[in-house]
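Once you scroll down, you'll see the structures, which are given as structure tokens.
Next come two complexes built around chain A: one with chain B, the other with chain C.
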Partner chain A sequence: MRILKQLLRHKSGLIGSVITLLIVLPIALAPLIYSYDDVINMNLAQVLRPPSLEHPLGTDELGRDLMGRLLWGGRVSLVLSSVSVAIGLVAGVTIGVCAGYFDGPLSWLTMRCVDAMMTFPRMLVALFVITVMGQGEVSLAIAVGISTIPIFARLSRGSTLALRGIAYVEAAGAIGASHSRILLRHILPNILSPLLVQATLAFASAVILAAGLSFLGMGPAPPTPEWGAMTAEARSYLVTAPHIVLAPAVAVLLLVLGFNLLGDALRDIMDPRLTQERH
Partner chain B sequence: MTAVVADPPVIAVRNLTLHFQTGSFLSAYRSPPVRAVEDVSLTLRRGETLSIVGESGCGKTTLGRMIMRLLRPTAGTVELNGRDITALKGKHLRALRQDIQMIFQDPFSSLNPRMTVGDTIAEPLVIKGVREPQLSARVSEMLGMVGLSEAHKARFPHALSGGQRQRVGIARALILEPEVVVCDEAVSALDVSVQAQILNLMQDLQQILGLTYLFISHDLAVVRHISDRVGVMYLGRLVEIADKEQLFSSPAHPYSRALMAAVPVSHPSLRRPVTPLEGNVPSPRNPPPGCAFHTRCPLARSMGNPAQCHTAVPALRDIGPAQQAACHFA
Partner chain C sequence: MLYAIAMRLLGLPFMLLALVTAAFLLVRIIPGDPALLMAGADATPEQVAALTVRLGLDKSLLTQYLIYLGNVLTGDMGISLRSGQPALGWALDALRYSATLAVVSMLIAILVGVVLGVLAALKRGTVLDTLIVVISLAGVSIPAYLSAMLLILVFGVWMKLVPIAGATTPLHFVLPSLSVGLIMAGQLARITRSAMLEVLSQDYIRTAKAKGVSERIRIFKHGLRNAGIPILSVAGEQFGSLFGAAVITETIFAIPGLGRLLIEAINWRDYTLIQACIVVFGALIILVNLATDIAYAIVDPRLRN
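Coming up: the complex of A and B.
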């Protein structure tokens, strides 16, 4: 609650929250407005219509309502990105916290592997995973998730290393706490705030990466609305009907912008140097 | 050993040594290890308070951590009631926590900021497997013992003062009813007025619970107040160990003498001529040969730097009935 209050007082936090809400809310409510069949089934009598009262954003090249596809596509994007951030967060934090806590040759080796992963562009890592696993929503989420692991691993290892020398972690060992208890009760809760900030930013980049991969045809199969895929399918009409290309692209842009502003604001708020918790 | 020893000691430390390899494991073999503690032997008698004093970096904290078995010694043994605890691991090591506990220096960093006072104090019992309703009852009892009220239970550490936090730290250490408590600079981070309160509390609890304290400190005034015996460390070695009165009135080792002379006195007329030690403490990575203190020793200098000082390591030997010092010429 304290964080929410500060967020709304923070300039980019306020703008970010508003943008994010404006996008996420309609997406969440999409099934109440459009049935899924409406955005899947072709209607060749109404191809490439300009915006009207019936179709607020007009129709696409196969006569489907663009607004409906945009909102349903947003659900795919949000779910894909959330799942992939969750995968990256859980795997990355597990690796990072363990590597930071059990500092030794094995953790050194693990972190060098993570470094090696970081040297590859994320798109390349994701493409590799999809090539191995095959196309589809699931492998797209896993691919984006895996490419997110290094950021979380590095961040959580650094935070854990810093905490390891702090007296209350040593004290936990002194009262007989097991390693898992120390990790879960004493370390994890205290490294959560930088991870939360990172998760917000990672979400924004996951949206871009997922859309980019879908654009390349690595995402969900055709009738499924997905912003990257929609942009790709419509790109031959860029001159005749630019709005059907621009709509999903702008949607991606706004969602990413909203989450980035939110993440930046969260970082400012949670930075202990800026808002010190007074003892 | 003194003649008055009747009981077997609670803790017996023999030739305890710890060499730290610093840096990552790749560079560990390139630099010499830090010799944090070198060949320390001492015993802790039931119910007494033994203080370990010395400058920062002399290894006193490391010694405490090894006795506590938070650190594993490179060589030497630690015995608790005659049982060798040097090599305990995993489950057995965790079971040892029942008997030896620790009070930490900094009351601000020794409490998890995301746990309430009640949870922090209860944790040792939770780990041990104690369940409600005994758990809450014990926590409440412990809160009362350290002078906190039931209202503090739900608070977070940042809502407490330094003295209150240290009381929480004491409660956490004592709730398992340990025999031995290692107090690592337990009052150094507190205001002087609060120091006195906490020291008195610790003394009262020692009486009630029959605790044995290993009190690690650099503050000689505090040490004089609380100790029965005092050990002096220099560069990882125990250079003198004696009854408190003996050490403060007639220190035997030249280093102890310099240390005692540095204690401020309460009145200008009591001021003694002080010749401060020259030079700095040598690096524990590369300690001087022979007696570690010979590079700065006023006694050695006045005797014309005898060869013995920089060739032979002096062993602790009896100086008086309750006093041992590690000096060839003391």
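Coming up: the complex of A and C.
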């Protein structure tokens, strides 16, 4: 609650929250307005209609309501990105916290692997995973998730290393607390705020990466509406009906922008050192 | 500094070995028989058997690995199943286009990003600053295919200034480089702005001002040179992600570069070609990172000792 209040008082936090809400809310309400059948069944009598009362953004190249597809497509994008961030977060934090807490050759080796993964662009890591797993929404979510692991692993290892030498963690060890108790009760709660900031920013980049991969044909197969895939499918209409091509891409831009603003604001709020420098 | 560079150089063969191992394992961890996957759905059992022998899949995993390593060392990464030509040669050919695109985009990114970042830092709190902050945030948030399509629409379709597909003349590289470069400029502008703000608030800048050093020298000699270190490090990191963005940009602009080749190879299930693309892509990124680290050590006097 305290964070929420501060967020709304922060300029980019407020703008970010508004943008995010304006996009996420209609997406959440989409099933009340459009049935899924409407957005996947083509209607060749209504192809490429201009915006009207019945179709606020017009219809696409297969006669489907563009607004409906955008909203349902947003659900796919949101779910894909959330799942992938969750995968990256859980795996990355587990790796990072353990590598930071337990010293040893295994930790060293794991972190070298993480470093090596970090060297490569996330797009390449994701494509590698998709090559192994095949194309489709499940492997897309896992691929984006795996490409996110190094970010969380590094961050949580660094934070854990810093906490390990602090008196209350040493004291917990001295009174006989088990490793798992120290990790779960003393270390994990104290690295949550940098993780929250990173998760917000990682969500933004997951949306953009997933849309990009989907644009390249690595995501859900048609007729599933997905923002990247929608742009790719309508590409040949760029000159004659640019709005069909650009609308899903602009949706990606806005959602990513909203989360980037939120992430920046959260970083300012969670790190008082930075805030002091600003004012 | 020499020690740090020597350590990095020592690590290089291991990184490359790990890369080639990953490429080797790629085909082995795919569920199913690699020969069957590569031969395609309508291959006869005889064709699959022949391919199994040709790829050495009938030997033990360790033998396969050693043979693969030996072949890679002699520059042989197998024959592309799609075209019948050597996969490595094809990937290296494609690399020329990607490298051109990457270098030009990087120059655009540095030029635009640093200028905007410095301007924003100097005019801190003004409308110009806010505008630059908003634009650079949009640059960070825009999907690569959107910037590409907007450029195509405005400069290619409406103004008809430059070609929008292919890679036959230097003019063909204008829009793709702008598309990648401007996105990267957003991130660089953000870093430059915060690095400059940090530096400009230092005591030595105030001292220089008190001594009567001119503003231009203060900004460029005292300010930007010190802010240059974090900027350089981010620029180096970005060079890698630039190749990631190039996958999308090359596809849109029909540039026969490495990124597009990789996507095509994945779609064709041409695993030999995928392996070659990944090794070339990866080796390039490893080398660029090494070069950045060395440049970093040279530029930052604190790292020299």
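Everything below uses one rule, namely that the second predicted complex is superposed on the first by the 272 of 279 C-alpha atoms of A that agree within 3 Å, B and C clash if a C-alpha of one lies under 4 Å from a C-alpha of the other, contacts with A are read in each partner's own complex, and residues count from 1 in each chain.
As a convention for this text, contacts are C-beta pairs under 8 Å (C-beta built on N, C-alpha and C of every residue); 3 or more make two chains touch, one makes a residue touch a chain.
No experiment lies behind these values; they were computed from the predicted model shown.
Per the definitions stated earlier, placing chain B and chain C onto a shared chain A by superposition produces no clash, and the two fit side by side. When both complexes are overlaid on chain A, the residue A:24 reaches neither chain B nor chain C.
When the shared chain is aligned, chain C comes close enough to touch A:257, but chain B does not.
Contacts of A:168 after superposition: chain B is touched, whereas chain C is not reached.
Of the two partner chains placed by superposition, A:47 touches none, neither chain B nor chain C. Legend: residue contacts after superposition of the two complexes on their common chain; A:14 is shown touching neither chain B nor chain C. Touch criterion met: A:211 reaches chain C, while chain B stays clear of it.
In the superposition on chain A, contact is made by A:242 with chain C only, not with chain B.
By the touch criterion stated above, A:181 is placed in contact with chain B alone, chain C being left untouched. More residues of chain A are touched by C (comparison of chain B with chain C). After superposing the two complexes on their shared chain, the closest approach between C-alpha atoms of chain B and chain C is 12 Å.
The intersection of chain A residues touching chain B with those touching chain C, taken from the two complexes, is empty.
Contacts from chain A toward chain B in the complex involve residues 104-105, 108, 166-168, 170-178, 181, 185-186, 189-190, 277-279. Here chain A touches chain C in the complex through residues 116, 119-124, 127-128, 130-132, 204, 208, 211-212, 215-218, 228, 231-232, 238-239, 242, 245-246, 249-250, 252-253, 256-257, 260-261, going by the rule given at the top. Chain C meets chain A in the complex at residues 15, 18, 22, 26, 29-30, 137-138, 140-146, 149-150, 152-153, 157, 240-245, 247-248, 251, 262-263, 266-267, 271, 274, 278, 281-282, 285-286, 289. Chain contact summary for the complex, chain B toward chain A: residues 24-26, 68, 70, 94-98, 101-102, 104-106, 108-115, 123-124, 127-128, 157-158, 169, 172-173, 176.
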